[in-house]
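In the two complexes below, chain A is the common chain; its partner is chain B in one and chain C in the other.
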Partner chain A sequence: MSLYEKNLHELHDMLKKKEVSSEEITREYLNRIKQTDDKLNSFITVLDEPAIDQAKKADKIISSSDDFDPLTGIPLGIKDLISTAGVRTTCGSKILESYIPPYDASVIKKLKAKNAVIVGKLNMDEFAMGSSNETSYYGTVKNPWNLEHIPGGSSGGSAASVSARQCCVSLGSDTGGSIRQPAGCCGVVGMKPTYGRVSRFGLIAFASSLDQIGPFTKDVTDCAIMLNAICGHDPSDSTSAKRDVPDFTKALLNDVKGMKIGIPSEYFIDGIDSEVETAVNAAIEQYKKLGAEIVEVSLPHTKYAVSVYYIIATAEASSNLARYDGVKYGYRTEDAKDLSDMYFKTRTEGFGSEVKRRIMLGTYVLSSGYYDAYYLRAQKVRTLIMNDFRNAFEKCDVILTPTAPTAAFKLGEKTSDPLQMYLSDIFTISANLAGTCGVSIPCGFTSNGLPIGLQLMGKHFDESSIIKAAYAFEQSSDYHKTIPTIPNL
Partner chain B sequence: MSITKQEVQYVAKLARLYLDDDQAEVFTEQLDQILGYIDQLNEIDVQNVAATSQSIATENVLRDDVVDNTYDRELSLSNAPLKEDGFFKVPKVIE
Partner chain C sequence: MEFEAVIGLEVHAQLLTNTKIFCNCSTKFGNAPNENTCTVCLGLPGALPVLNKKVVDYAMMMALATECKIAPYSIFARKNYFYPDLPKGYQISQFELPIAEHGKVHIDLGDYKKTIGVTRIHMEEDAGKLVHDGVGSDPNSSYVDLNRACVPLIEIVSEPDMRTAQEAVAYLKKIRQVLVYLGVCDGNMDQGSLRCDANISIRPVGQVELGTRSEMKNMNSFKFIEKAIEYEIKRQIHVVKSGEEVVQETRQYDSHKDITLSLRSKEHAHDYRYFPDPDLVPLRIDDAWIEEMRSALCELPDAKVARFVEQYKIPEYDAEVLSSSRSLADYYEETVKHIDAPKAVSNWIMGDILRELKNDKLDINECPITPKMLADMIKLITDGTISSKIAKTVFEEMYTTKKAPKVIVEEKGLVQVTDTGAIEKMINEVIAANPGQLEQYRSGKDRLFGFFVGQVMKASRGKANPKIVNDILRDKLKG
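After this line comes the complex of A and B, so read on.
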């Protein structure tokens, strides 16, 4: 087995036993990126030399100690909207093509303090607006399981890179499913923690009341390790939660006896692919065998989630993206006849069409005369969606659903129909509106060999329960051990 | 038709975006479709429902009014598309 096929916890054990060095591991991943990224396009920026330097630094710590952090010397990738000091951070947009953050995001500071090795910045939908990674200014990412299919989005590069073993783990962000949906499409584990669990300081904002950073990993154990590394209160983010962070690896128990798993009937609807339904139903049967108690729950406002989301998220985005005016950073138009013309031309030339569409929708729903009809009403329905979850969680410990209605669709299939694209997030959006945590884990394959994702959602700040449930399922299956074969390599 | 091409052009202007006629046409059609879908929210009675702006309740977060982390002028200007004498430079504002 090659080094790049190993999980974080396996590599950590090898580093501990001094069987391998971080430099060797890092070189192997960088080589893997070289071999595969022409086909996949997961990376916007690869950090060859800085990664080797970081690895050498980690090796010094490793050689002088037996007790170092699990992330020390581990190569990882970062979605290109998380600020990295001195390293270009594009947000998948032309408007930030040459932007070099003067500071590190708080999560990056945490990873650097543990001497993790950052191998590169990962491709994504422009400003995280997309479900297929097709809105990136830097080209579409391909699904490692089938290069003609989408990797999911918006964290497409983060999902594809872990799936194709181009890095050991990665970070993404999730505003309406942007971690869980691509994790499902690419057959890896992707966790959106509870809103406020992970600091958003240095995360380039899309929709501030919904955005949350989270990890992509090859298995659930690595997911728990990553959560331990990135969660916690941060005074630099006023919405970050002052809550104790448990040791999430304590939830890796392989025991779900008596655990109550809620199944919401609203998630098993017309339009759900039959192979997805079959795989998810098989997972439910598996949980029964493992001793979990399956209970029916109801999330009656589920069908309104997409509407609420596309009002609230675009309203927040239209305000957040007002800062891109060509003055302080980023792209500025070449020829402007005055200041106003400079604003217009900079934004018109700098943003892609999906971003423009959402800025306009957000501006419209906030504009005079429409605010009450759209924005205020959406905020009220958001309350009803939150109440749904509160009621459901009185009857169960975790909620189980498909991650998406279908496996990864074909590239180009939905690019001309924004509404159809938005509807592919129908099962993931509610968790963001309610602020709850959610994880996608692999639960099978379609007859075409594309991964199918299983979503587990938990109460606020109860990531431990979904890790516990995810781990028990994973231990009784082999899906996470299957690695995609990239053609003509 | 819930949104017209004129309204799309007006919104684009508010958002500081130029749209040519063909683009305005396409955006109008797409936004109209999206707004038509969103109209489903009118089915729900929300009269006695409070609005939610934050899913996790937070109180005002305050800190002492002291200078802590600042960036020096050069670093702050390092990404400026155009700068002069330690300032951001923009096209002439006053005629």
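After this line comes the complex of A and C, so read on.
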């Protein structure tokens, strides 16, 4: 078994026993990236030399201590909207093609403090707007399980890179499903923590009230380790929660006896792929066998979630993206007659069509005369959706649903129909609107060999329960151990 | 038809915090361009605002001082518009649910007093500034200086309660006075620490509905504000009288030509697309915090005036002048502590001290004469050591040399002559030298008494005690 096939906790054990060095691991991953990324396009920027330097630094710590952080010396990838000092951070956009942040995001500071090794910046839908990674200015990421299929989005590079073992773990961000949906598409574990759990400082905003950073990992154990590393209050982020962070690895118990798992009928709708439904139903049966109690719950406002989301998210985005004006950083048009011409041309040339579509939508819903009918109304429905979850969680510990209605669709299949594309996130959007946590874990494969994702959602700040449930399922299955075979390697 | 004006003011006051409203950058004025900036106030991707508590403290102090109701729950909103001095493409301000509402300010116009309503006070960040005209390396470029971006402001919005330019100026002066009293703003209009927009409309006297208003932007002196409003009222009356309609627009005052010019019409008004800023949590203020701020308030101008009248029995006019600034009031009270002569002290401060300071463009804090020195000098007058006339000389000397009044009196030999023998001798000499005048006085020309007093004082070089001079002279002239 190659080093790159190993999980984070396995590599940590080897490092502890001095069986391998971080440099060796890092070189192996960099080599893997070199071999595979022509096909996958997961990375926008690969940090060969800096990664080796970081690995050497980690090795010094490892050689002088037996008690180092589980992330020390572990190669990881970062979605290219998390600011990294001195390393360009493009957000998948032309408008930030040349932007090099002078500072590290708070999560990056945490990872660097643990001497993790950053191997590169990962491809994504432009400004995290997309469900297929096809809106990236830097080209589409391919699904490692089938190169003709999408990897999901917007954190497509983060999902594909872990799935294809180009890095051990990665960070993504989830605004409406952008971690869970690609994790489902690529057959890895992807966790969106509770809103406020992970600092957003340095995360380039798409929709501030929905965005949340989270990890992609090969298994649930690694997910718990990653959460331990990145969660916690940050005084630089006013929306960061002042909450104690538990040791999430304590939830790795392989015991769901008596746990109440809620199944919302609203999530098993027409249009859900039958293979997905079958796999999810099988997972429900598995939980019964493991001793969990299955209860029916209702999330009655689910049908409004996509509409509400596309009002709130675009409204916030229209304002968040106003700063890309060609004045201070990033792309500026080359010929402008005057200031307003410079604004128009810079933004017309710098943004892709999906981003422009959402800026226009958001500008419209916030406009005077429309605000009450759209934005304000959407906020009210958002409250109803939150209440749905509050009520449902009175009956259960976690909520189980499919991650997405279908497995990864084909590249180009939905690019001409934005509404169809938006429905890819129909099962994941509610957790963002409600601010709860959710994780996608692999629960099977379609007949075409594409992974199917199972979503578990938890109460606010109760990531432990979904880790517990996810871990028990994982221990009773092999899906997480299957590695995609990338053709013609 | 007679018209009346309806005026409301929006006052922006820069708060005197050491750091900016949403980051830790310095607010120091005059640093090199973009020296006071960081990831947050540069609007870098991913940077987030964190509210400076001091800004809330200061806003609350002003709210309490203007009798506003402080909101237990208020929110920050984004005001969206594009301009190169606005790095994020939006300004963080408050829109719905500001920190304070429903206050009032009392103004005194001399002939009458009036209460002006305060609609609301809200907190916001300032924008940066653009620098043109070839200051940088490229003469054809404009440059952006973001030192001022994210500097804390409060906006104080009045009700449309003012009817004349004079009322507007009195209101603005009062707002400025209270801000400076509280120490939350330096009130400096030249540097833009205090800026004022005015909404002006006219209507026939007796009509309740408001007319269409124009907004006058960024006027930076009391004089210009008064002139601009006066001009704008006249202009609007002229428009209506010529059978036309006032259009809603933003106008700007041109101080060189003393006219107002249209800046942009309503059709071109911005749609700011306000919405709650998702990067900031709602601001919750409990009673304990409000009480903490209330107890931190200093005595405010109105209360001080009332107390001065009551405690020192000085006229209200004196009390108002002395209370015009906290430091002047402190100076007065310090002086009165040293000498129990409240009216005399008031006269000296309002007259000589303020005149000298004005000539030298000094603040009372920079006055060369300390309250103790002033009190000592007044003591010398009341105990008869020097005359009021000599005191003027002592005052001038004190002001220029900062020497104690006693020292000046001794060095210059200014002690009043109270020795009756010496004075009698001088009087005899004066009478002997002016036989003609004596003759006339004795034949009934009483007015010449003053002439003789003057001659004696001149002979004594001002030092003779005037009362003794009068007494002896009256006797001697009788013959």
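By definition in this document, the second predicted complex is superposed on the first by the 489 of 489 C-alpha atoms of A that agree within 3 Å, B and C clash if a C-alpha of one lies under 4 Å from a C-alpha of the other, contacts with A are read in each partner's own complex, and residues count from 1 in each chain.
Heads up, the rule we're going with is that a contact is a pair of C-beta atoms (placed from the backbone, for glycine too) under 8 Å apart; a residue touches a chain by one contact, two chains touch by 3 or more.
Source: prediction; values computed, not measured.
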item: Contacts of A:Thr89 with chain B and chain C, given as first, second, both or neither; value: second
item: A:Pro144 touches, of chain B and chain C: first, second, both or neither?; value: neither
item: Chain B versus chain C as contact partner of A:Ala336, first or second or both or neither; value: first
item: Chain B versus chain C as contact partner of A:Tyr99, first or second or both or neither; value: both
item: Contacts of A:Ala315 with chain B and chain C, given as first, second, both or neither; value: second
item: Superposition-derived comparison: chain B or chain C, residues of chain A touched; value: B
item: Which of chain B and chain C A:Gly202 touches, first, second, both or neither; value: second
item: On chain A, positions contacted by chain B and by chain C; value: 99, 102-103, 209, 235, 238-239, 318, 325, 327-329, 339, 343, 363, 367
item: Contact footprint of chain A on chain C as seen in their complex; value: 39, 42-51, 78, 80, 82, 84, 87-90, 144, 271, 273-275, 278-281
item: Residues of chain A touching chain B in the complex; value: 98-100, 102-103, 194-196, 209, 235, 238-239, 241, 301, 303-304, 306-308, 310-311, 318, 325-332, 336-339, 341-345, 347-348, 351, 353, 356-357, 359-361, 363-364, 367, 374, 376-384, 386, 418-419, 422, 433-436, 460
item: Chain B residues touching chain A - in the complex, by the definition given at the top; value: 3, 7-8, 11-12, 14-18, 23, 27, 30-31, 33-35, 37-38, 40-42, 44, 46, 49-56, 58, 61, 63, 71, 75-76, 78-82, 88, 90-93
item: Chain A - residues contacting chain C, complex; value: 81-83, 89, 91, 96, 99, 101-103, 105, 200-205, 207-209, 235-239, 315-316, 318-319, 321-323, 325, 327-329, 339, 343, 363, 366-368, 371, 375
